[in-house]
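Below: a set of structures, written as structure tokens.
You will see two complexes here that share subunit A, one where it goes with subunit B and one where it goes with subunit C.
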Partner chain A sequence: MAVFTICLLNGASFGCVLFLLSSGLSLVLGLMGILNLAHGVLYMLGAYIGWTIAAHLGYSFWIAALTAGFATGVMGLIMERGFLRRLIGLPNEQVLLTIGFVYIITNICLWIWGSIAKPPFTAKFLTGAFTVVGWPYPYSRVAIIVVGLSVAFGLWWLQEKTRIGAIVRAGMDDREMTKGLGINLELIAGALFFVGAFLAGFAGVIGAQLIGANLGHGLDILLLALIVVVIGGMGSVQGSLVGAMMIGLVDAFGKILFPDFAMFMLYFLMVIVLVIKPTGLLGRKL
Partner chain B sequence: MNQRLSTAVPYLIAVVILVALPLVLQSYYLSVATMILIFGLFAMSLNVIFGHTGLNSLGHAAFFGTAGYVTGIAIVTYGVKSFWTSAPLGILGAAVTAAIFGIIALRVSGVYFLLVTFALGQLLWTVAEKWNSVTMGRSGFVGIPAPDLGLSFLDLESPVGFYYFVFVVFSVCYYLMARLHRSPFGYALQGIRERESRMRALGYNVWLYKYIAYIVAAVFAGMGGILYAHFNGSIAPSHVGFSTSALGMLMVILGGAGVLWGPVLGAALIILLQGFASLLVPARWPLILGALFVIGVMGFRGGIGLHMVKTVRRVFSRGSNQG
Partner chain C sequence: MKKMKSLEQSRVLCVLVLAVLFIGSVWTAPAFGAEKPIKIGVVLARTGPFASIVGHVLDGLKISFEQAGSKVAGKTFEVIYEDEGPGDPAFVMDKVRKLVESDKVDIVVGPFNSDLRVPTLAYTSKKKIPSFAVVCDDEASLKFPYAYAFNQTTYQEARPVGWYAFDKLNVRTVNTIGGDWRAGHAFIDGFVQGFTNERKGKVVSQHFAPIGTTDFSSYIVAMKPADAIVLMSVPGDVAAFLSQAHQMGALKNTKVINIGQSVLPPMLKDLGPKLIGNIWQHAEYQPFYKSPTNKKFGELFQAKYGHPAGSLEGSGYGVGLVVLEALRITKGDTNPDKIHEAVKSIKMDTPLGKLTFMPGNADKSGVEGILSRFIEEIKQGKDGYYWDLVHEYPEVKPLRK
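Up next, the complex of A and B:
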């Protein structure tokens, strides 16, 4: 029972990191049809910037998280305004362009921070642990769950209950019609891209509490985020949350039950969802 | 007759140049030329589904690498000597992988197809890296010898002999893919790319056509992987996964998906640049490659091959029949 509870918490905390990452990917894909494969390296860049500010220079962890998010957000905005906006409706070109950014950003990170992985770091007041079912459990993991669920609630509220959210949903359903109503969809789309890229960098710092910063994360975490999008369906905050939690939990329990096959369980889950519902569990129609 | 001649001339020139290359090139540059033919074959195979059928796969290296691994394992681990047994085994490996992946990936289309093929490719990459006892793990499967064709007068251990061997295989595959492209099956694929719903209305089993095209493309990619395994003497997890798939896609887009030899041109450009960059600035090659992706997408959409064809046509038609 103790192992079960610990696994549940581990899975939920990793799931929350995945949610922060994949929600941006999913919303951008849903609204603009842009597949940003550089989303994973934005996460990685965020983790490195966060490490520099929090662990290396010794500033507050939360300042580090917000600064990293802002930096990757600006980076994302440059990618969208400068390049991706001209490639709307051309998925192959988007993929190649963003793969180019994957190589460029990874190589620059290697240049600046070297090839040795940075260890996990966290805020000072989160370094301790408390007792769950007789086991010590770190505060930092609980903080991840709180942050993740708060962002999830915020995004859900934004998308379902506000005027901007209504515009985003309308844009996903019918782009031309929304523009025809005199709405500046380009502005909203750019802002959404910024939010997605911000969340990627923010997730990098939040996730660094678990896995630190590493040059391999750019692709590893992207793969997980893509599986989340396939499972949850694109363009939906709830879908991302459900998908991310499923992946987080399957990963956590898989590592305990079948240590050698944890990664395959994730693919297995993806294949099952594809067979049952190709558009994802809570996805919008394409 | 004249029409046929004028289309045959460029091919004749290309063949003469490719046959004469070993006479002028040193062994290092000859190995670069061999690489170009191998990756040209790989990029062309991707174009069978990518350019001709309109299926944007980001996991095509899965078949390249699988065939390479299967051949290597057959030769080194199980002692299969003859190329005529080991190569079909490798191709069978690629075809079976494609038959399984195709059932999963073809349930979706468009961007989702990209995501799913990407994930499936990474699945194989995980297998190649983690299954130490069979694949030798992270560092790659090593010790693959030159192919044994059972013909004693051919020396495939020498760079020149191996180059000609690759050239022959490449030419046969090129011919087969060109025939496929202009066969009723090929036209049906192009119809699916242009308008899937119309093809369905005409009574074509669209899914089956896509599925077969997916497997055929995998077979040619597998042939490329087998050549590469023999050429390099080894095959690594990266040859199954994302980086090789993305490279193939770049070759197709840069060279031009609309022209049959476009992908080969793309492969030549990338391999040549990689050759020079790895000599001059090895640590910054990914940076250059990334920039190449960005420049290729922003500047050469439609591909260099298409631009070349248009230029040549403009020169030869003297602008008389331009509408």
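Up next, the complex of A and C:
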């Protein structure tokens, strides 16, 4: 029972990190049709910026998270305005370009922060632990769950209950018709790309409480985020949340129940979802 | 008559051409021979998950070559560096082939990753190119002719850590968690050999996590109550594991024994406060080991890089010394059989301690070093946290059935 409860919490906390990362990826893919493979390195960049501000310079963890999110948001905006908006409907070119960004940003991080991984860090008041079924459980993991679910609620509200959200949904359903109604979809798309990149950097700092900052994260975490988008479906906040939670839980329980097949389980889950519902569990219709 | 004259002229011309060719070859061959440098190909990771470790190894290796001033036994040597890449065997094979077939190297050093090194040895041994491991090698490497593991193998190197845990730390039960790749398994197997077969310790649970594992919490929860956790992975994963285990209170009343030298000195600023008094790791090289050779290396390293050498830098320096010493013994002859005999006869003092070699089989299969193994512990000094030497096992012989 103790192991089950701890695994449940661990899966939920890791799932929330994956949600923060994959929600931006999913929304950008859904609205703009842009597959941004540099999303993982924006996460990594956010983690390094957060480490510098919170762990190295000693400023507030939350200031670090917001600053890192803003910095990666601006970086994402530059990528979108400067390059990606010219490649709408050209998936091959998008993949090649964003893979290029992966190498460039990874090397910039290597140049600035060096090759040694930065260990996990958190806010001072989150350093302790409380007891759950006889196990000390860190406050930082609970904070990740709270932040993840709060952001999920905020994004859901934004997408489902506001005019901007309605425009975003309309743009996803029929881009040309939305533009024909006089809506500046370019502006909305740019703003959405900023939000997606902001969330990636923000997730980097929130996730750094668990996994620190490491040059390998750019691709490692992107792989998981892509699985989440495939499972949850693109363009759906709820889908990203469900997909992320499923991956987090399968990862946590898989390592205990089927340690030799833990990674395989993630892909197996993805294959099953693709076979049953190719658009993802809660994805918008293609 | 005219025909005969023409024939005679042709003969004279042929003789002249042959004479020119002969004289030319006599004059130029020694000159070219004297200029032809010995070529050493180094294939080590500059990208991929091992790049952070290998950068330190390269720093030490470069010093050994620079110290020799590009001359060995009166002959010039040239070093050609290649990247072993992100872990793709095809990628590294292309690099090794390029070194052997295009650059015509006489000796190969590396690759670092044992998953990649073993396949390259199948090729280099067939081509009779001596290949030296930079750090501890894989057991499988020793089956190949012309493969040299001066720093022993991962399996052999971890055995003394098992002895130390049992004899000095009074550890009787352990959980182990290793990186799920060739060296990860071999290190853990070596520890288990030393701890359970050569002593009377007990392993209560064993786990292997893929490289790049982000969340270790499930492994931590699955561990059973024990005196120590034995850990082996790449630096990023080790940092994540230790921090997560610390957050979850799993390091309370539990010692940590790290194999693989992956808690690098720059990581101690962040990890030191959490782990001081609670973690030990083995080292191939230890900066506080007292010997004139080590003192000299320490000074050279400090002067060049502005910080003290660590274990990986010492290993890199060590392999450079071994390669050059073998060439000194052969007087610069790069014949692989002569290099093989030379390596077996090496007896030298290195910064890693006194080094001799245990000969392999008669078929020129791999040769392994006999040298000191060190155990180190985190201490806090006025300049921060550092790894201090706490025990030396001198002249450790590999266990061979």
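Keep in mind that, in the parts below, the second predicted complex is superposed on the first by the 286 of 286 C-alpha atoms of A that agree within 3 Å, B and C clash if a C-alpha of one lies under 4 Å from a C-alpha of the other, contacts with A are read in each partner's own complex, and residues count from 1 in each chain.
Operating definition for what follows: contacts are C-beta pairs under 8 Å (C-beta built on N, C-alpha and C of every residue); 3 or more make two chains touch, one makes a residue touch a chain.
Because the structure is a prediction, the values reported are computed rather than measured.
In the three-chain model built by superposing on subunit A, subunit B clashes with subunit C.
By the touch criterion stated above, A:Gly212 is placed in contact with subunit C alone, subunit B being left untouched. Once chain A of one complex is fitted onto chain A of the other, the partner contacts of A:Pro136 are limited to subunit C, with no touch recorded for subunit B. Of the two partner chains placed around the shared chain by superposition, subunit C is the only one that A:Val3 touches, whereas subunit B remains out of contact. In the superposition on chain A, A:Ile116 makes contact with subunit C only, not with subunit B. Contact with neither subunit B nor subunit C is seen for A:Phe193 once the two complexes are overlaid on the shared chain. In the overlay built on the shared chain, the residue A:Met263 is in contact with subunit B and with subunit C.
Touch criterion not met for A:Tyr48: it reaches neither subunit B nor subunit C.
Superposed model on chain A: among 43-51, 115-123, 133-141 or 223-231, the stretch of subunit C in collision with subunit B is 115-123, the rest showing no clash. 263 are the residues of subunit A that lie in the contact sets of both subunit B and subunit C, per the superposition on chain A.
Subunit C makes touch with subunit A in their complex at residues 49, 51-52, 55, 207-210, 212, 214-215, 217-219, 221-222, 235-236, 239-240, 242-244, 247-249, 252, 264, 266-267, 270-271. Listed in rising order, the residues of subunit B touching subunit A in the complex are 50, 56, 58, 104, 107-108, 110-112, 114-116, 118-120, 122-123, 126, 130, 242, 246, 249-250, 253, 284, 286-287, 289-294, 296-298, 301. Of all the residues in subunit A, the ones that touch subunit C in their complex are 3, 6-7, 10, 14, 55, 114-121, 129, 135-138, 140-141, 207, 210-212, 214-217, 220-221, 224, 251-256, 259, 262-263. Taken in their complex, subunit A has these residues touching subunit B: 29, 33, 35, 83, 86-87, 90-93, 95-97, 99-108, 219, 223, 226-227, 229-230, 234, 260, 263-264, 267, 270-271, 274-275, 278-279, 286.
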